[in-house]
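Think of it as A, B, C and D in the order they're written, each chain with its own count starting at 1.
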Amino acid sequence: MQRAIKVTVNGKEYEREVEPRMLLVHFLREELGLTGTHIGCETTVCGACTVMLEGHTVKSCTVLAVQANGKNLETIESVASDGDLHPIQEGFWNEHGLQCGFCTPGMIMSVKQLLGDNPNPSRDEIRHAIEGNLCRCTGYQHIVKSVESAAKAMVQE
Amino acid sequence: MIAASFDYSAPETLADALRVLSDDPEAKILAGGQSLIPIMKLRLSIPSQVVDLGGIIDLHAIAEEEGIIRIGSMTTHEQVEHSELLSEKCPLLVAAASGIGDVQVRNRGTIGGSVAHADPAADYPAALQALDAKVKVVSSAGEKIIPIDEFIVDALTTALEPDEIITEIHVPTESTGIGTAYETIVQPASGYAIVGVAARIGLSEGNISFARVGITGVGSKAYRALAVEKALEGQPAKDDTYGIASRVAAEGVEALEDLHASSEYRAHLATVFTCRAIAAAAGRAQ
Amino acid sequence: MATTTTPTTKGFVGKRVRRTEDPRLITGTATYVDDVTRPGMLYAAVLRSPYASARISSISIEKAASLPGVSAVYTGEDVKAVGPVPCAGSMPTLRVPHHKILAQDRVYYVGHPVAAVVAIDRYVAQDAVDQIEVEYEPTECVADPEKALESDAVRVHPEYDDNVAFTFHAEGGDTDAAFAAADVVVSERVTVPRLAPSPMETRGVVAEYDEGTEELLVYSSTQIPHLLKTQLAVQLSLPENHVRVIAPEVGGGFGSKCNVWAEEALTCFAAMDLKQPIKWIENRRESINVVAHGRGHVDHLEMAASKDGTITALRFKILQDIGGHHQLLTPIIPTLAVIMIPGLYKIKNFTADLTGVFTNLPPTDLYRGAGRPEATYVLERVVDKLADKLEMDPAELRLKNFPAADEFPFETATGLSYDSGDYAKAFNIALENVGYDSFLKKQEKARSKGRLLGLGISTYGEVCAFGPSPALPAGGWESATVRVEATGKVTVMSGASPHGQGGETAYSQLAADALGVPMEDVVVIHGDTGKVHWGVGTFGSRGTAIGGTAVHLALEDIVAKGKKYAAHILNASLDSIQFNQGIFSSNEVEEKLTFQELALEAAVAQKLPPDTEPGLSATRFFEPPNFAFPFGAHICTVEVDGDTGQVEILRYIAVDDIGNVINPMLVDGQLHGGVAQGLGPAFLEEVVFSEDGQLLTGTFMDYAIPKAKDMPWIESERTVTPSPVNPLGAKGVGEAGTIGSLPAFVNAVVDALSHMGVEHIDIPMTPQKVWNLINERSQS
Amino acid sequence: MKIKGQQTLTTPREQVWEALLDPGVLARALPGCQALDPVGENHYKIRMKLALAAVQGLFEGKILLQDVQPPNNYKLHIEGAGKVGFVNGEGHFHLEKLSDVETVVHYEGDVRIGGMIASVGQRLMDMTSKMMIRKFFVSLKEILSEQ
């Protein structure tokens, strides 16, 4: 019961045959080898698997690979370009917005969505925007600071 | 947490989708998947086939016509949340949508999927009850327009037949002079409402001339708090009125119980948040 | 960033240096265990018991084994030659039931592994698990530690005559006399529910067996690769030098990966049996279910005091829920609560009685704080109660009982020697930062208007930076090797196994400063027993104080050896050689030698002194003479919504003393994260089981770990009292926040409701619990 | 999970009693019951497909009727297990004669749910059991009205 799908991931087109039950996150990680997207909770809570589908963040453990057929995807691997870190990545690095790093790729994708919609978010708005991303290490304070720092850098750019 | 095998189709027209459904009674409709896919991953749902409505473009529109706003069933919570039309003409629905889950879930989940799932703790049904919303369903036999109150039958149970698809949700354009509010307390892990109260309050010369109150999370389905509405109508718009009227918010309702809230606590929260929602709505009506 | 630099010049220690491990983590290029693939790799999945207590009457694997893509199905019978899951406890009364890696005949808790499948991918593996048919004969179970101690309780392990897993008694001074002479006695019983450690990365193993070399290569998401290597060799009857364990990038541990798990040996067994690499990745439901829970206590503390507020004695009773089996350190963890029960106070007399009890629940074991949060929680609750009883200000009461700064090292009644500290100083700063007096006024005013404001104080002391070795079951030292490559690049190999703390950065800072090289020239290797030959691991806040010190000592050796070479090469006396900012020089000669030049000389070995060996490399072990004792004061202010029971944290003040600091930014991060893991249990977290041992909070939909909006802004400050027990003067920071935060929150909420007569609320203080109390009190 | 409640039926007590002990009636009234086969006196094998919208589970098990005291009381013991977990429960039924044509069915019981469904679905347990009881009595009333 394989289905042929064609997706564009990080600007590159892929064609694969997949089982309908294959989750998008497994497709990205195992079929395409893009292991930067992680699996944390499997119940649409933790957001470690967050990727962009047609420009919107989704939890890729709750999307079937077949649903992404014909669609455009962006993962953490596309955030830096030509070795230059994105200001959000710089923000996380500078402000120690990560410890074990497991939630970080999903967190960065959510922040990318946030700063795209709202270039100057308040602390409450930042916390609200990352409600769908759990971090067990940082207590979130340095993540909030990382986002503030990234927002500042992006406005200045 | 891996789903059992199933077949998959992604029809591009409603007619095709209806055909699949009538051919395969064990098929399940996949809208945003934010409820169905987790259940399938736990193997609590093992459909023979999943019919993905994502490719049917007709189901995505929001349009206003003669005082009715028609929201395509595949409209995401995010689209409702950020719809200019709805912000202006049906802010209550926007308030309910913006409280659902988190950003990622709102980007993916749909209003049709939420209504069809009929989760007793979902946010939309409270607002839809308060709005006297209607659900348009289509089958190969034709179409029906069902009031929300009749559509949601019980916990996770609706009037939707296996061969039917929800195509639209109809809500009224809010009249001037009516204020609305959605107040909720959520279960901290899942983000589901423990209690969510949607209120629409109209005022006339300092008195309440119109009241609609929808409550989710308390009973096995969202309901209109008719006793509250009755206790409000014609009364002066002041805190005492709201407090007294709210006392009957959960009257006659068998309040649910789970780890996070006993039935007593739920019933109590219903009164608190009903009062808050009414006060906030009345404040906006003035 | 004003506060952050990526320095290329000297002087890194003590600075907010951004982390060297981050580039791979923020770009998605790091390799966690689930990112490891090997040619021909198969996937394992585990079938677990749905019953808390049952006999297994039959297991039928035929359907599962015949599914296309299934390579093997294993039951307890197949793996019975594999050695048991180890337990390191050694108290004389300890009962250690044989802990098989797959259940045979009986299951003891929901989630107990019963069978395992190996298949072509994880989808088929799960399909096959569903096809295994097990017939269980459910038996009566006991899922409550207090009920398990009752004389008629069903026995978890029928081979013993009761459910007592061990008892432990400790005492100091003359407690009975002190209680007899006391002016006041107060007491409290608290329960500390089971917590799911919940690192964002679940456990996972990849095992590969090389038939030719007979070597077993194991990737495991672990905090203790070296200990795991030894244990796997024992369990699988392999020569230890044929086992290599790699802890790749580890996505959080918090103690839960400081263990030796059945699934590790199981995956290795299957890889050896099938001669194919095998991956096992735990799902979140398994993680919440079976990864040893933290806490699980029922604690009772009685406190005697004189009316001037001097605390004279403690009687402490701990009931530790063990679960159905021990894990690696299960019986040891609650003894840490015993030795830390006096906290920061000068209490001369104490007795403690600890009982470990078997229940039909998953095992408990260490989780961030491990015993110390429990002790601090009950102590700080009872101190508040004492203040209440004496009508004394709770801050004043605490200040009265601290040892003075000149009393260190301070010997406690429990036999510890607190290394250094100025407890009053940190506490006074916290009081000042929160505006203690003005808050009390504000609170009174708010109360008169019906608003419920509260302030909670917690002071804590922590025993950490484990060793010394005799105090631990498996070595309290740490090792480090510093190897200088011919090009002058520096490789630091540490036996510690950091997993998010930033050890690579901290060790690089030490190396860069000691050798005068840029941080970019330093590579830190850890978590690979094939590269780092000796190690204990990262747990118990020991990464810097012990692991860092070993690095520091090895660096000192390198410098000493370098000076020797330099003296010979420069033709100067050894005593005259200076090493500064990467340059060897002498006032006797004009010529200088850079560190890089010296490194090359050491490698080519053309001009070395005759009595030396070539190469610039040093290995050192650090064995601390004592533990280190961080301390601090956390103060939390809250407002309770009387209508709903919801609690809002208004301010959170932390003043901590963790000794000398290598990187303040990393320390802040550890504290914030620690506070989150203390506040989680305060109002959100609890692993809930039904009376019949069924897990009711099996996913993050029901087990609530803090989200961004749940956490307050932490206003953090530090005092610095260097520890004398290691040359870095570091104490340890990993667990401090977790220990200090819980009582601060609880005391604050109780304070907010104290005028209603509320004396205690058990954690987690959910809105429902708080409202129930308010409702009760307002009705009575 | 404790369950307690009552339902008033406009049917004479004897008729309600007979219905409640009639495997044919039970098979129709128990929500999702696909088969109810007697294996002994007051002892049945049961197969149920419990379905709540998309959520569904297949359970097989047994039903025992105990302490049968016509037309007043009996105890119902049910055990079922499936891939997603298991359900065990006891219910005590007491029939109170309100009038010649009215009967109150009092029920009180304890339901224990285990395995995967317990660990992921506790939120839905209370509403599910309440709904099943509602459905049971709706069907029972329907069957009684046909008689």
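For the reader, a short list of remarks on this structure follows.
Here is the rule we use: a contact is a pair of C-beta atoms (placed from the backbone, for glycine too) under 8 Å apart; a residue touches a chain by one contact, two chains touch by 3 or more.
All values derive from a computational prediction rather than experimental measurement.
When the partners of subunit A are compared with those of subunit D, the chains appearing in both lists are B, C.
In terms of C-beta pairs in contact, the better-connected of the chain pairs C-D and B-D is B-D. Taking the mean of all protein Cα atoms as the centre, the chain whose own Cα mean lies nearest is C. A separation of 49 Å divides the Cα centre of subunit C from that of subunit D. If you average the Cα atoms of subunit B and of subunit D, the two centres end up 31 Å apart. Averaging Cα coordinates per chain places subunit B and subunit C 44 Å apart. Distance from the subunit A centre to the subunit C centre is 29 Å, each centre being the mean of its Cα atoms.
For subunit D, residues touching at least two other chains, in rising order: 83, 116, 120, 122-123.
Of all residues in subunit B, those that touch two or more other chains are 1-2, 4-5, 40, 43, 187, 189-190, 259-260.
For subunit C, residues that reach two or more other chains under the stated contact definition are 122-123, 130, 283-285, 696-697, 699-702, 705, 707. Pairs of chains in mutual contact: A-B, A-C, B-C, B-D, C-D.
Here subunit B touches subunit C in the complex through residues 1-2, 4-5, 43, 185, 187-190, 259-262, 265, 268-269, 272, going by the rule given at the top. Contacts from subunit A toward subunit C in the complex involve residues 19, 21-22, 26, 29, 34-43, 45-46, 48, 75-77, 79-80, 85, 89, 92-96, 98-105, 108, 123-124, 126-128, 130-131, 133-144, 149. For subunit C in complex with subunit D, the touching residues are 50-51, 110, 130, 285, 288-289, 690, 692, 694-699, 701-702. Residue ranges on subunit C touching subunit A, taken from their complex, read 1, 4, 18-19, 21-32, 34-35, 122-123, 198-202, 249-254, 281, 283-285, 499-502, 665-666, 668-670, 672-677, 699-701, 705-709, 711, 713-714, 737. Within the complex formed with subunit B, the subunit A residues making contact are 1, 3, 19-21, 23, 42-45, 47, 50, 53, 56-59, 61-64, 66-67, 69, 110, 113-114, 129, 131-133.
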